[in-house]
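Chain lettering (A, B, C, D and E) follows the sequence in which the chains are written, and residue indices restart at 1 in each chain.
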């Protein structure tokens, strides 16, 4: 029973990771940028979710507005920050992104205050019993929402013509243009979807914790990187599975290895082990 | 001495350590092209090892050497990982190594766990001499880096950084060269860590976390990856920045983050690139001799 | 169909091709020739919209496309098989072809692909292989096939026979022949001078970015000095095989 | 001509929330002291630097406060690492230094110029044990420990004395300050079936933790500490916060004029209600001001002695120091009732609460 | 003539594709061996198996009697091999000259410690310049590879291979992308190398030059060896002609 409980807890944590990481994997897949500031968008999504819910009283509306507006901000970040440095060595975008992330966290602190915000009346708090286990409605929504969204995305990326165009844009944008692919549009769409998913994750995490803080993105900023690498970098399906796997590993790890290593160290120990066996990640193509 | 107050001496010591550790990463990432997001761990290993040594009564020199050696041992282990994974995979692997370091040190009572190590002895040189020693080490590191760039070892590093597969086909033992880069870089980081521990005289795992790794990497990238003077300059500026910015207290980190972003956005080659541009503007007739970025 | 007027292109400060005037008639075959570094590839990539035009204009069907984004040129009917192939290495053969036909309606895709497979049966055998893992010659076939998927009216091929074996070169040229009979205009670069002169109607010879000779293929063949000095063909025009 | 008091405090970065409270508390104390005539007629000036809670920053700051600003004494509004590193500098310069709320045991061991106006973790942990065993009468405890100096020392104190009060620690779990999701721990705790939970943390970790424990159906009482001590905790955990009991230094229902005044004045100045950190910042300055009034500003050694002699009622209770410079005061026990902190009990067992002396 | 390279029963499979199927041939000292065959026949794969980029599933590859399989790439190169790759891979952060000079300095780069104590590059650069001149691209010595046209880059590949001062050079389509005169000149250079006592394997589709300069041919098709011998003889073989030239029937003349 404990086993099943831990497994389900791990999967819930994993679905949070998945929602955050998949946007990152989209961005990485397309631009080869380790987009750390993605975690800043995640936090921003959380803030929007809490503020709008508290103002307007509708969580659904808040979720929608947060996803759309953060999606647009993500597009702006691409246009203003990344597009001009796409052809530079990867470190450049990485450091720019980290700088942006630090600045975002500070802006959140200055604008929204250092203590964080909570929902006045957090929705979806009902307990739902599944097979003698108790879950919050929010957790269930989170889990199935993530599976549904990401599963769909994986299918689109894998099978559709747009998915192929997306992959072509990844490897050689110039040639992709030559065959009529609007690579700028592909990138905008990509940033929009990725950032909107991050915002959704932010809203859901804000709800699960009933708290958004300026530093809410600091763990996702690096954990999500680990997940996309584990998943094989740029592979949606791989990211989904890696995220869930990591959630489960952490769940069991905290209980059975907690005495020796902390949660992050457990996650990264797992990551390193996997990479030593499969240097291209779980689902990466062999180099 | 030299009319420096204790405050200036403290800052100069900080600068000396920052220059050393930034150049140590520059050897690995700048020269040899192996990105590391966990460099602070090696800095930390040097610091912990040296602190334990002097606390146990060993002389400082011995502590520095053992810090460097221990750091190198772990550097070689991570170097071995670099033979297996590349590029962004390597970046994240090294980041993971950094978190493993934190996890282990934080859990290990022998090294103080989360409490860290306090009461690291004064090595008895006095602040001024300690500063001078730190600056001497930094100076030697600069000279060594400059020399390395000119040597055939640096030449091979260039090739490995550009394209490992091609380097192999040119008969270069890429694995061994990468390990050498990791060994040299982590040894120097260990030395810098030993000095850090005896400068601040209190260390805890947080001092060597992801943020520290990132700020070291920022020095390298902002300076201009692979350049020596650019990195030195960036290390000086970035390590002093928090103190200079005291007057804008609340906006300090905002400005810092913004600065990282703006430099990368508008001068991706870092300070070295800016300097090179200025140089060629003022000396248009001569081809610029400044070392620069590719 | 295609016209370059006072055309110059280059990379930043550097001018790769200067003051080039050239007209490709609809339905004709035009060969761009010249030694290494002459600027042939630059010209092609510039017409495709990837190398910056610094002077003059590019007209297609009388329309000025000098500053048109590359993406829109394919819709006008220009497709390119560039130097170095520039395939999408982690896409499969079929996926590469899909991208080639991205500007066409989806329904056409299957039929067009079959045509390419008829032309290069080897590609059908390698349908699900990643392009990056294919042999040099297979990649060249795929590059040409990919361009054909766009159903272009002007097809530009840089170094048609590069890395192809004689048998495939023959196939390729006979394919080009049949394309021409379908009314497709061809602009290509070819190092195999003899071959090029055999197929082309008009020729332009570049060297170091300058136009050194322009005219019909027949005139070129009859001009031993030209052949010798710029096209590296000694008086006897042996056919490479 | 002013009397300068230095302060290092995290204004940016991850610890900025506590830094803000501590700073506003300290500023309030300075304003109040100045309004009351300053130090023998001289106004007090607070010289503040942002240390980002990092030892690397606090060392040059300490040097600067001592050498450039020539402060007569200084206060730390920062966390342990930064405070511990700075303490050594103040000690060797012979400038008195008071830690407002940093818990690291080594801080006061830097020397005789270094004091602390808050409990060391162990002391509060012991109070927690008494609360669990003696006051609540519970037998089976699970300890959930925040994995940093604060949580670790609390847990150590709790476990040290738990047996004395008949409490059996059946299991201990650790989490990191970055965690907000405790699913696995909660699951395991549930299967441990304890009758009391001793969980260390700050309001931002404790809020979600308590909430998740409750929604898993765990009803055992939860004991927290001063890290919980903020309105924010209740805002986060909402109804789940009800009944949570903590050990702290601030009594919301206190009749003491000092405390009542402080709570009111702080809310006016800050725009949000006082928390433990704010009260600690306030207290540290008050202690300093009191000593300065007695000893004057001329002589550091005299000032140090005056601090050591402190016997003063502040917002966090009656303060006096032992030989090591550790505070001796009662522990307040507060409970969440009807969405607010209220008095629950007071623990004033001097032997149990004796701070370390070496 | 001494046996230099001995390739026995080599098989290379990539997943379901058998790129080389049980191929055996050898290379004698001083030979200029033309290695030809249709596209996708497995020629490049054979080059990679010899240099160690791919590992054959079966078979043995011996250089001067020493087994190469299992040996890392760089070690094989240092046994006296030079490789010019079909797809050009210049080192983009070095000038053309330094690309070649680095190869020419192979003695200085044998181990890192030795490399650390040497700084002088003049001799290697002089050698490099000579080699660049030999392949006809000395005018681009100070250029950055990113700015070069394909024809130049192909010759840079060859120059780098030669700079290693090898006993055996493996040239994978060095003439592709060169025009007639340029190809002929480079082919002459390759022939000169042979007279300088270098042993050469040349992969080429430019049959005219192959027939002109090669002393022996090995023909591979679909991973199998289908011909081995004197060029004129091999090219008369109807199987070879059919596979390679696409001629029907056996009566076509060479």
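Keep this in mind: contacts are C-beta pairs under 8 Å (C-beta built on N, C-alpha and C of every residue); 3 or more make two chains touch, one makes a residue touch a chain.
By chain, with names taken from UniProt: A, B = Branched-chain amino acid ABC transporter permease; C, E = ABC transporter ATP-binding protein.
Computed from a predicted structure; not experimentally measured.
The minimal number of chain-to-chain contact steps leading from subunit A to subunit D is 1. Inter-chain contacts peak for the pair A-B, counting C-beta pairs in contact. Chain centres here are means of the Cα atoms, and by that rule the chain farthest away from subunit B is C. Look at where the CA atoms of subunit B average out and do the same for subunit E: the two points lie 43 Å apart.
Distance between subunit D and subunit E, defined via averaged C-alpha coordinates, is recorded as 74 Å.
Averaged C-alpha coordinates give centres for subunit B and subunit D that are 36 Å from one another. Between subunit B and subunit C the centroid-to-centroid distance comes to 50 Å (mean Cα coordinates, whole Å).
Subunit B has residues 106, 250-251, 253-254 in contact with two or more other chains. Subunit A has residues 106, 259, 262, 264 in contact with two or more other chains.
Touching pairs of chains, sorted by label, consist of A-B, A-C, A-D, B-D, B-E, C-E. The touching residues of subunit C, counted against subunit A in their complex, run 48-50, 69-75, 79-80, 82, 86-91, 95, 98-103, 106, 130, 146, 150. Across the complex, subunit E meets subunit B through its residues 51, 53, 72-75, 77-78, 83, 85, 89-94, 98, 102-103, 105-106, 108-109, 111-112, 114-119, 121, 160, 164. On the side of subunit E, the complex with subunit C involves touching residues 14, 17, 37-45, 86-87, 147-152, 173, 176-184, 205-208, 243-246.
Subunit D meets subunit A in the complex at residues 12, 14, 16-17, 19-20, 147, 173-176, 178-181, 183-188, 190-191, 204, 207-208, 211, 215-217, 230, 232, 235-238, 272.
Residues 11-13, 48-50, 52, 54-57, 59-61, 63-64, 66-68, 80-81, 84-85, 88, 104-106, 109-110, 147-149, 152-153 of subunit D touch subunit B in their complex.
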